[in-house]
Structures are given as structure tokens and as C-alpha cells.
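Next, two complexes with subunit A in common: one pairs it with subunit B, the other with subunit C.
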Partner chain A sequence: MINIEIDGKLVETQRGSTVMDAAHKAGVYIPHFCYHKKLSISANCRMCLVEVEKAPKPLPACATPAADGMKVHTHSEMAVKAQKGVMEFLLINHPLDCPICDQGGECQLQDVAMGYGGNASRYTEEKRVVEPKQIGELISTNEMSRCIQCTRCVRFGQEIAGLMELGMANRSEHAQIMSFVNSSVDSELSGNMIDLCPVGALTSKPFRYTARSWELSRRKSVSPHDSVGANLAVHTKDNKVVRVVAAENEEVNECWISDKDRFSYEGLNSAERLTRPMIKQGGQWIEVEWAAALEYVANGVNQLRRSAGSDQIAALATPNSTFEELYLLQKLMRGIGSGNVDFRLRQSDFSADGKQDGAPWLGMPVAELNTRDRFLIVGSFLRKDHPLLAQRIRQAVKLGAQANIMHASDDDLLMTVTNKAIVAPADLPGVLAQVLKALSIEKQAAVPAEVADVTVGTEAAAIAASLASGKDGAVLLGNFAQQHPEAVQIALLAEQIAVLAGAKFGYLGGAANSVGGYLAGAVPFGGAVQGMSAAAMLAKPRKAYILLNVEPELDMADPQAAMKAMNSADMVVCLSAFKHTGMDYADVMLPIAPFTETSGTFINTEGRAQSFKGAVKPLGDARPAWKVLRVLGNLLDVPGFDFDTSEAVRDEAGIAGNLSNHIEGLALKGAAVTPAGLQRVADVPIYAADALVRRATALQKTHDAATPVAMLHSSELQKLGLNSGDAVRVTQGGVSVQLTAAANDGLAAGTVRVAAGHPATATLGAMFGTITVERA
Partner chain B sequence: MEKIKDFFKTFLLIELLKGMALTGRYMFARKITVQFPDEKTPQSFRFRGLHAQRRYENGEERCIGCKLCEAVCPAMAIKIAVAEREDGTRRTTQYDIDLTKCIFCGFCEESCPVDAIVETRVFEYHGEKRGDLYYTKPMLLAVGDKHEAQIAKDRLADSKYR
Partner chain C sequence: MLSANIQDQINRELKKYPVDQKQSAVMSALRFVQDEKGWIATDDMADIAAFLGMPQMAVYEVATFYHMYNLKPMGKTTLTVCTNLSCTLCGSADTVAYLTSKLGIGFGEVTADGKYGMREGECMGACKDAPLMTINNKKLCGRLTPAKIDQILAELDKS
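Our next item is the complex of A and B:
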């Protein structure tokens, strides 16, 4: 530690830190543009010039290392003159028409110019004009002339997003921020550049010209999408959400949020919103009052209970529902004597039900990902499923951690991957077994009998060696591994590998409440009444289904089975914020409030419970789902449904549950037989993952939301006599869809990648299994 | 002593005559009563009367929808909605001034970066219903179009003091 003096204040700061860091500590503000605490130092804006005693010239605070005994003046004559001069230079080419600019009112340059600039411009010559660039559907560059070349966006791309999609071309007055020729900015974190831009050069395209910053009310919220639980600031105007920006939480999302979190709000104002309760009578939908709709549901449920038994009633919820909703749903179901409740919609292996020690979770705090030195990531479309966790792992890899990937598809993770094993889905457990054997030998431990006779391949051996060489590893199972038909085998193997390697073992949670669903008890085991899992409910169709936020053909592991069950059911009750295909088979549609219109809690993948309040009033007649379920509980005479607030629900449920990834009482199996034929590799595209993003218009125009194609390794294409771009017929479960074939050499041999969760592929069968591809 | 003086002043009608003398003086002095509407008082070029929205000479409306006037209005009399026009510029889709709320402080005019919203010399406007005094964008533009010559002249006269 060293002592330095800033404006007469003595501060103790770390050796190697900068004057800017010390000033922050001292609470002294130094104006800056290019400096950002999460980005590298570039010192190109020169706004942070300060006077340092015994230095002949002013020095940039962001790039000057603090030295013991240094005396810094931020308001001395020299410093003020330097700052004023820099400000004048920055404003030479910057248009002085703040009222036109969308950033006006929340612009760093505007603020600093007010505090440190002159009161009038002396510059009367021509200003430079920069042509706007088309860089995608999310970021507007219409005002590129406003750029002051701080290069924050460029550094963000290089350092945080992992891919330099924007760069600075040319020099001096001709310098321009631009993307590669005809390329758009496609990073799943790109929206953060809007927050980073200190001027109005990069602004939000969907938000453009809808409101001025001073008109907005700001409400804290939590992302309902991925399992990080990113903290959001929801900006509202006239009872409407008009934009979402990041709220800082160093332990969760730092200061970043993914584009899914940022732009999904457009779905909230979608024309597809369900605003009135509706009942289908004689094949026609009629709008009714809430009381009538709820009574209709209660009567239907009561009738079925008498005629067919409670066991014939099943409830499904998405893991994007709040903790309170999930808790009340399972309480309602168990109250009427049915344990058929599940939120693990895309999971297909339920053999560990009741044998798990607690709720599967990340196995460590999210922030600890940055400190791991070895990673084994099994079955994860990491960047698309977990943009922010991928970012943290990227930072760890930059500091020297080794990332080992085991997956069916070699997607570019925008980080250095040390070893990868790309195998067909059915071979995943086999390769894990190889790694386990190799690691046992490496660590001189007894090789488990079940894996004793596997032959260790070079990839597995390399992964084992990498894991063995580390101290603080992490073995992480992604969505793909969790949805795998042999998910439990994968988990058992991965846990043993983690134990041997001395690493943490965790699940990269699938959605906002993947942990919360377990803690709320919205699973068919563990509660007072046992029931059927999501898959079993569809395999043995029930007479009635209650769907909470679920769109079965898009949210379930096997859309075919789901739709069959829905179409054959006597009664389907949809609690949904949107009108969806449920209109075809449902009997009652109850409009519920999405996350901005209700209070609730999301429990993220590290087990952190984050409660939030509604930001706006529910649209139309929509009501928070916890209120709907509460009244339904009253109508069905279930005791203990007298909650007045969502907090009361949360307190009764108790968020402090047991988190554990250990599975007790299940043994490893030997190697499985690889099925013949092509295997399906199904990813859920990032902007198809839940009902809200599927309706976010700008996100749906991005490359990530393109219509799914049938991707095959080029050698597989050759075998089938196909070329990239050919129309192909993809058949699964007796249903064919026509897609375009595309070559993807990152895929394992013997696989076809066909995305799930998209209407174009929603008639196909399960996310895993064999699939045929032929020329259309 | 004082009391006696006062008594004589009252008794001899001195006070009354003093008052009547003043009345008499004004009876013959030049009248200053303005015979409105035949006569009108002179107005300053800074007179703050009915609002108007101005256009540029090419017919383009000046307002860029920055909402500064809405933000500064102490009576919250202004309501603006904006949207992006086809040419990519921000324009108002709604610009309403509730003249029953307006206190004619002139802050809107002061805050306007493009001199779009101005207060004209018109003060004898009226409405037969309350709603008639709720001025919408077309009404404000019409006022501007009608009085543009005077408005421009007044801005020019004021410009050397700014």
C-alpha cells in the first residue's frame, strides 16, 4: 500500500493502481470519457488530465500509476486549463445540437461540458461528418458524427464480448468507428456498447426517439431469462416499459446484461398480449369477467376430480415463472390431491428424481467463475445459453485458465479453448467415462469398475491431463447435458471427475428460476403428494392440464408428445401473458402479468434469491399469476391460500432451501450403445428461449433469430449427396418439415443440428434421438 | 393645538375643496383610457401572448421534439409525443398546450433551441368552451403561419439583447 495525496486528501491505495483509482477512493471526481473500470486503459480522450507536483506537464489520471508521496491537484490552475482545453478540442467536431440527439439529458459529454467546458464555442470552421453505418437491428449509428473516438465500444468487443466487431479505421480527423465491411454487430452482449458510449454515437435502435431520459421512471428489476438473474433498471413512461438498461451488481452481472435481457421488453408491449380472460364455448372464444373464468376453471377441476380422480390433473410451468408462482402452483396441485407438477420442461431424464440431495445449482457463487483455473464444460451452447456466465469464463481464461469443452457442436466460444471433444450426443457419457478413467490414472486413484474397460482417446486424455494440472477447477454441465436422455449418467460421471480433480461441480442453470423451481417444490417428488414428471405427464396423457406461461410446442423437450397430450385433454387452462397456439386446444385463457407487472422472486443459479416489484400496472385485465392462483386456491377450497402479498407467499415458501448437486443411490452404467442413423442435436436459439423474447421484435430481426436450418458436417452432407443451401426434408417421429441444409464443420459426425423452440421445427419430435434428412 | 387645526380644516371644507380640485384637474386633463377594441395599448416586442409554432421558410416545421419546453413548463401545460419520421428525424406527433393551465411565463420560448414555440402578441383570443383553449399542434402551427411576419420581426428586434 502506498499513500498519495489528492486535492489535499490523503488516500491509501494499492501499489500498481492508478491516480484515477486513488481518486475514486478519495471520492474525488475526475472527468473522463475513455476510462471505464471494466475495460483496459487507453488514455486517448485526455479528459482526465490532472496536475501532479514535480511533473512538468499535466498527466492523464487514468494512465498514471500512483506513486508513494505523489501530490495530485485536480482543480489547480494547470489542471483546469488542461481540462478546458481538451474539452474544447473534443467539441470541435462534436455537433452542438444536444436537443436533437437521443442521448441528450443522459450524456456524459454534455454533463462534463457543462462542468468543465467553456460557455461558447470559438470554432466556426466546418465540422466533420461521419456517414451512419448499418450495424444491425439493435444499435443505431445514425449519429456517428457525434463519436469522440474514446474506443470504449472497440475495447468492449475485444475484451468483454471476446470478438472485435467494431474497430477504428483511418487516422486523425478521418478516424471512424466501423464494423467490418457489410458486417453487423452480432455479439449477444452488444447492447452494452450503448451503455458504454459516453456520447450519442451508439444508441438503442428500438428505443430511439421514444422518450427523453428525464421523462422516465426507473424501477429495479431482475432478468426473467437466463439463470444469472442479471439486475435490471426498467425505465417506464406513461405506465409502459420503454427500455431496460443494466443495473450494477458486481456479484451477479457486474455492469453488463445480455441483449436478451435488454431488448426483450419489446415483447411486453406486443400486440399478442392477452388482456382479457377468455373461455371457449362452442368452438368460439368469448371474453368474460375474471370471476366467471375462474369459476369455470374451478368447476372443471372439481368435476374432473370427482369423475376421473385428482391424478388426472397435471400442471406445467416454465422455469421463467417467479418463485411465488411456482410455489402456489404446486401448493394448489397438492391441495387438490395431485402431485403432477413440474417446471423442468426440456429435461428428458428424470431418473434422479428424489435421489438428488438438494436443488441442482452452480456449485459456487457466480463471481467465483472468474477465479477458476480449469474448466470442463459439458454439453453447453455456452455463449447463447449463458451470455454472462460465458463472459466470466472468458475473463478467467484470459487470466490463464484452461477451458475444456465436451459437446456435440464446436461453436465458437470467443475464448481460447485448450481441449475439446466434439462427439455425437449419445457418446457424451462415453467420453466422460474416458476422462474419468484417464483422470483416475493421472491422480493414481482407483479406476471405478464401470469405466475400467473403456479405451481412453487422445481428447479425453488431454482433458484429463488439463484438469489434473489445475488447482481450482470447475466441471460444469450446460443445458444440453441437462436435457440429455442420459443426463443422470453425465452428472454422475461429471461429479466423480470433479471430485478427483478437486474441482467444483455445478449446473449452468437453464433459466431464471431453475433453482427456484426446486426450492418452491414445483417438482413431482419431495412434497406431500408425489406425482408424475413433465415427461411422464405427456407419455401418459392426463385429462386436464394447467399451463403456467408454457407454450408446449416450443418449451417442451418433446413437442410432438406435448401437442398430442394437449389436443387429447378434456380441459386445458392456459395462464399466459400472450395469445399463443393454446388458442387452438385450450378451454380457458387467463391473462397473467409478465415480470415487469408483478412482484416476485427469481433464484439464480448460485441460489441467490432476488425479489423485485412490478414496474408498471398490468396491461388490461391481466393480473399477477400469484393472485390468480391464490383465488383459484380459494375457489377450490384448498386451505392456506390467504396471501395478501407476494412477500407473504415467499416467506411461507421459505427460500433457504438445500442446494446440492450430489445424487445418492444411483450407480454408473456401462457404456451405452450408439444408435444407428443420424442423431439430432437441438439447441434452443437464444432468442427463442422463452415466450417474452420470442415476441421481442428487434431481437427477432437479428441473425441469431434466423429461421433454423438443418446443419450437418460437410462430410455428412457429401454422404447424403447434398450441398449447403439445398432444401431438405427432415423427419422425426413421423413428421417432416422442410428446411435448408447448411454445412457446419464444427458438428460431430453422425449428427444433424436442428434447433428447437422455433415454430419451423415445432412439429418435430424430441430434442434428442434419431432423425432423418433427405433431399426434398 | 393640532386638534383645533384639524377642526377648522374640516369645518371650512378645506379638505373637500382640495379633493375636488384634484378631480377638477383630471376633468380637463388629456384622457388615457383606451377605447378597446377601437384602440390598443402599445406592446413590447417581448409581449407574451398566445403561443404559436413556427416553420422555416421552406415550410418545414421548426420543432424537433426535444421536449425541453415540456420539461421546463412550471404549469405542466405542455404535452408532447414524438416519433421518428421517415427521413430519420425526430418530430412531434402531438404538441398540445392547455392555455387554461398556462401562466405565460415564457419559459417554453426561452428553452426552445430552434425558436419553434413562441409567444405572439395575440392576447384577445377566446374560447366558448373550456376545451377551446386546449391548443393542439395544427392550431399552434396555424397561429404561427398567420403571424409569422410579426413573430420574425419581434425576434429580430430582441436578438441584439440576447
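Our next item is the complex of A and C:
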């Protein structure tokens, strides 16, 4: 530690830190544009010039290392003169269009110009004009003349997003920020560039000209999408959400949010919003009052309880539902004597139910990902399923960590991958067994009998060697591994590998409440009444289903089975914020409030419970689902349903549950037989993962939301006599859909990648299994 | 696709740099493309990016930063005339005027037969021989007079 004096204040700061860091510590503000604490130092805006005693000229605070005994003046005559001079230069080419600029009122340049700018410009010549560029549907570059070339967006791409999509072309007066030949910026984190831009050069396309910043109310919230639980600031105007930006939380999302978190709010204002309770009578939907709709549901449930038994009633909820909703749903179900409640909709292996020590979680705090030195990531579309966790792992890899990937698809993770084993889904447990054997030998531990016979391949040996050479590793299971039909075997193998390697073992949680669902008890085991898992409820169709936020053909592991069950049920009750295909098979549609219109809690993958309040009033007659469930509980005479607030629900449920990834009492199995034929590899595309994002119009126009294609390795295409771009008929479970074939040499041999969660593939069967492809 | 010749040259260049610093060869790679094709198309930049494993935009940044890369076809022979201070004082305006009258092209233009292109250049570091121009960025010609320009063009016409 060294001592440095800033404006007369003595500060202790770390050796190697900069004057800017020290100033932050001392609480002294130094104006700046290009400096950002999370990005590398470029020192190109020169706004942070300060006077350092004994230095002959002003020095940039962001790039000047603090030295012991240094005396810095940030507001001395020399410093202010330098800052004012820089400001004048920056304003030479900056248009004076603040009144029509989207950034007006929240603009760093505007703020700093108030403090350091002159009241008139001495520059009378022509200002430079920069042509607008097309860089996609999310970021507008219509006013690139406003750019002050701080290169924050460029550095963000290089350092955080992992791919340099924007750059500064040309030089000096002609320098411009642009993408390569007007290609679109496709990063799943691209929206952060809008937040980073200190001027109005990069603005949000969906938000543009919707509101001025001072008209907006700001409400804190939590992302309902992925399992990070990114903190959000929801901006509202006239009781409508018009924008979402990042709220800083260093331990969770740092200062970033994914584009899904940022732009999905458009779905909140979708024309598909369900705003009135509806009952189907004689094949016609009629709008009714809440009392009538709930009465109808209660009567229906009571009748079925009497005639067919409570066991015939089942409830499914998405893991994007709030903790309170999930808790009340299971309490309601158990109150009427049915344990058939589940939120693990895309899971297919339930053999560990009741054998887990606690709720599966990340196994460590999210922030600890940055400090791991070895990763084994099994079955994860990491970048698309967990944009912010991928970002943290990327930072760890930059610091020297080794990333080992085991998956069916070799997607570009935009980080250095040390070893990878790309195998067909059915072979995933086999490769893990190889790694376990190799690691046992490497660590001179007894080789478990179940894996003693496997032949260790070169990839598995390399992964084992990498894991063995680290100190603080992490073995992480992604969504694909958790949805795998042998998920429990994968988990058992992964845990043993983690133990041997001295690494943390964790699940990259699938959605906002993947941990919360367990803690709320929205699972068929552990409660007073045992019930059926999500898969069993479909395999043995029930007479009545209560769906909380679920769109069965898009949210479930096996859409065919799901739709069959829905169509054959006597009663289906949809609690949904949106009109969806439920209109065809449901009997009651109850409009519930999405996350911005209700209070609630999400428990993220590290077990952090984050409660939030509603940002706006519910749209139309929509009501928070916890209130709907409370009234249903009362109507069904279930005791203990007298909650006044969602906080009361949360407190009764208790957010401090047991977190553990250990499975007790299940043994490893021997190698499985690889099925004949092509195996399906199903990802859930990033903008198809939940009901809200599916209705976010701008996101739906991006490359990531393109209609799914049938991807095959080019050698597989050749075997089938197909070319990339041919129309193919993809058949699974007796149903065919027509898709376009595309070559993807990152896929394992013997696989076809056909995305799930999209209407184009929603009539196909399970996310795993064999599937046929032929020329259409 | 980069031609086999260009790939060979880049591979030779890459030996100068650490294996994880392949992008150090980007300027040479751009030069090899220009030597072969006379100019660098964005497709070539994308090929270089793929060859060196670097972002396309990073190649584009370099190609647009340096003045001596031709980003559009500049004829079989590109004549680059220095218009910086020393050359201007020694009459580079006359050189440009004479070339324009002779070839019928101004800066940034190419003759109809595609033989010659003319570009405005920056200081070539040989001011004692001003006024200067270069041929294809390789050959420096100094103390230019109409007679000398005639002679240079006659030689170029022959080749």
C-alpha cells in the first residue's frame, strides 16, 4: 500500500493502481469518458487530465500509476484549464442536438459540458458528419456524428463480450466506429454498449424517442429469465414499462445484463397480453369477471376431486415463476390432496427425486467463477443459456484458467478452450466415465469399479490431466446435461470427478427460479403428499391440469406428450400473462401479472434470494398470480391461505433452504448402449426460452431468433446425400416438420441439432432421442 | 480464398512472431494481398482474419488506418504523389498537374484502360529529392520534372 494525496486528502491505495482509482477511494470526482472500471485503460478522451506536483504538464488520471507521496490536484488552475481545453476540443465536432437526442438528460458529455464547457463555441467551421450504420435490430447508430471516440464499445466487445464486432475504422478526423461491412452486432451482451456509450451515438433502437429520461420512474427489479438473477432498473412512463437497463450488483451481474434481460420488456406490452379472465363455453371463449372465473375453477376442481380423486389433478409451472407463486401452487395442490406439482419442465430424468440432499445449485457464489483455475463444463450451450456466467468464465480464462468442454455441439464460446470432447448425447456419460477413470489414475486413487472397464480416449485423458493440474477447479453441468435422459448418471460421474479434482461441483441453473422452485417445494417429492413428476404427469395423463406460465408445446421436454395430455384432459386452467395455444385446449384462461406487475422473489443459481416490487400496475384485469392462487386456496377451503402480501408468503415458505448437489443412494451404472440412428441435439434458443422473451419484438428479429434449421455435420449431410440449404423432412414420434438443412461441423457425428422451444419444431417429440432426416 | 502464394508468404512472416501472436502479421498479410491483386477487397480482409484467427473488424481497422493500402482498384500501376510541405515547396502541384494532363486522371482515379491510378501521398522521408512520387509504393522517384515523368511513364508503358 502506498500513500497519495488528492486535493489535500490523504488516501491509501494499492501499489499499481492509478490516480483515478485513488480518487474514487478519496471520493474525489474526476471527469472522464473513456475510462470505465471494468474495461482496459485507453486514455484517449483526455478528459481526466489532472495536475501532479513535479510533473511538467497535466497527466491523465486514468492512466497514471499512483506513486508513493504523489500530490495530485484535480481542481487546480492547471487541471481545470486542461480539462476545459479538452472539453472544447470534444465539442468541436459534437452536434448541438441535445434537445432531440435520446441521451439528453442522462448524457455524460452533457453533464461534463455543464461543468467544464464554455457557453459558446469558438469553432465556426463545418462540423464533421458521420453516416449512420446498420448494426442490427437492437442498437441504433443513426447519429454517429455524436461519437467522441472513447472506444468503450470497442473495448467492451473485445474484453467482455469476447468478440470485437465494432471497431474504429480510418483515422484522425475520419475515424468512425463501425462494424465490418455493416454486419450486425450479434453478441448476446450487445445492449451493454448502449449503457456504456457516454454520448447519444449508440442508442437503444426499441426505446428511441419513446420518452425523455426525466419523465421516467425508475424501479429496481430482478431478471425473470436466466439463473443469474441480474439486477435491473425498470424504467416506466404512464404506468408502462418503456425501458430496462442494468442495475449494478458486483456480486451478481456486475454492471452488465444480457440482451434478453434488457429487451424482453417489449413482450410486456405485447398485443398478445391476456387482460380479462375467460371461460370457454360451448367452444366459445367468453370474458367473465374474476369471481366467476375462479368460482368455475374451484367447482371444476372440487367435482374432479370427488369423481376421480385428487390424484387426477396436476400442476405445472415454469421456473420463471416467482418463488411465492411456486410456493402457493404447491401448497394449493397439497392442500387438495395432490402431490402432482413440478416446475422442472424440460427435465427428463427424475430418478434422483427424493435422493438429493438439497436443492441443486451452482455449488459456489456466482462471483467465485472468476477465481476458478480449471473448468469442466458438461452439456451447456453456455453463451446462449447463461450469457453472464459465460462472461465470468471468459474473464477467468483470460487470467489463465483452463476451460474444458464436454458437449454434443462445439459452439464458439469466444474464449480459449483447452480441451474439448464433442460426442453424441448418448455418449456423454461414457466420456465422463473415461475422465473419471483417467483422473483416478492420475490422482492415484482407486478406480471405481463401474468405470474400470472403459477405454480412456485422448480427449478424456487430456481433460483429466487439465483438471488434475489445477487447484481451484469447477465441474459445471449445463442445461443440456440437466435435461439429458441420463442426467443423474452424468451428475454422479461429475460429482466424483469434482471430488477427485478437488473442484467445486455445480449446476448452471436453467432459469430464474431453478433453485427457488426446489426451496418452494414445487416438486412432487418431499412434501406431505407424494406425487408425479412433470414427465410422469404427461406419461399417465391426468384429468385436470393447472398451468402456471406454461406453454406446454414450447416449455416441456416432450411437446408431443404434453399436447396429447392437454388435449385429452377434462379441464385445463391456464394462469398466463399471454394468450397462447392454450386457447385451443384450455377451459379457463386467467390473466396473471408478469414480473414487472407483481412483487415476488427469484432465488438465483447461487441460492441468493432477491425480492422485488412491481414496477407498474397490472395491465387490464390481470392480477399477480400469488393473489389468484390465494383466492383459489380460499375457495377450495384449503387452510392457511390468508396472506396479505407476497412478503408474508415468502416468509412462511422460508427462503433459506438446504442447497446441495449430492445424490445419496444411487450407484453408477455401466456403459449405456448407443442407439442406432441420428440422435437429436435440442437447444432452446436464447430468445425462445420463456413466454416473455418469445414476444419481445426486437429480439425476435435478431439472428439468434432465426427459424430453427436442421444442423448436421457435413459428413452426415453427405451420407444422406444432402447439401446445406436443402429442404429436409425431420421426423420424430411420427410427426414431420419441414426445415432447412445446414452444415455445422461443430456437431458430433451421428447427431442432428434441431432447436426446441420454437413453434416450427413444437410438434416434434422429446428433446433427446432418435430422429430421422430425409430430403423433403 | 487467399492464393497459395499469399498463404506461403504469410506463413513465412508468421515465423517472426510468437505462435499466440499471429495477428502481428496482419500488416504484412495485407501487403501481400495488395502486391498480388493491386488492391484489398473486404473479402480479402475477411480471409486474412480467418487465416490469422483475429476479428474481421480488427483487420479492417488496420487496412483503413494506413494510407498505403488501396481499398479500391487503383490500376495496374499506382502513382502516389507526395503533397506534403517539402514537395509542395519544390513544385509537387506541377507534378500533379502534368500527370493529370498526361493521363487524364486526378487523385483517387484510374485511367480508362486500367493501367494507371493516382493517389495523394504523405511524406516519403526523402525530402532532399523533392518533389517525389512512388510507383506501387515500392519504387521511389525524385526530382520530378515533366521530362523525367515522360521517361518514367515510357518505361512503365513498355513493361
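By our rule, the second predicted complex is superposed on the first by the 775 of 776 C-alpha atoms of A that agree within 3 Å, B and C clash if a C-alpha of one lies under 4 Å from a C-alpha of the other, contacts with A are read in each partner's own complex, and residues count from 1 in each chain.
One rule holds in what follows: contacts are C-beta pairs under 8 Å (C-beta built on N, C-alpha and C of every residue); 3 or more make two chains touch, one makes a residue touch a chain.
On a predicted model such as this, the values are computed, not experimentally measured, just so you know.
Because the two structures share subunit A, they can be overlaid on it, and in that overlay subunit B and subunit C fit beside each other without clashing. Of the two partner chains placed by the overlay, neither subunit B nor subunit C lies in contact with A:29. Contacts of A:181 after superposition: subunit C is touched, whereas subunit B is not reached. Between subunit B and subunit C, an angle of 80 degrees opens at the CA centre of subunit A in the superposed model, to the nearest 10. In the superposed model, A:142 lies in contact with subunit B only, and not with subunit C.
Contact with subunit B, but none with subunit C, is seen for A:97 once the two complexes are overlaid on the shared chain. By the touch criterion defined above, A:212 reaches subunit B but does not reach subunit C.
In the superposition on chain A, A:167 contacts subunit C only, with no contact to subunit B. Superposed on chain A, the gap between subunit B and subunit C at their nearest CA atoms measures out to 28 angstrom in whole units. Residues of subunit C that touch subunit A in their complex: 42, 45-46, 55-58, 60-61, 64-65. For subunit B in complex with subunit A, the residues that touch the partner chain are 64-68, 71, 82-84, 88-90, 113-114. Contacts from subunit A toward subunit B in the complex involve residues 97-100, 102, 104, 142, 208-210, 212, 214-215. Across the complex, subunit C is touched by residues 158, 163-171, 179-181, 183 of subunit A.
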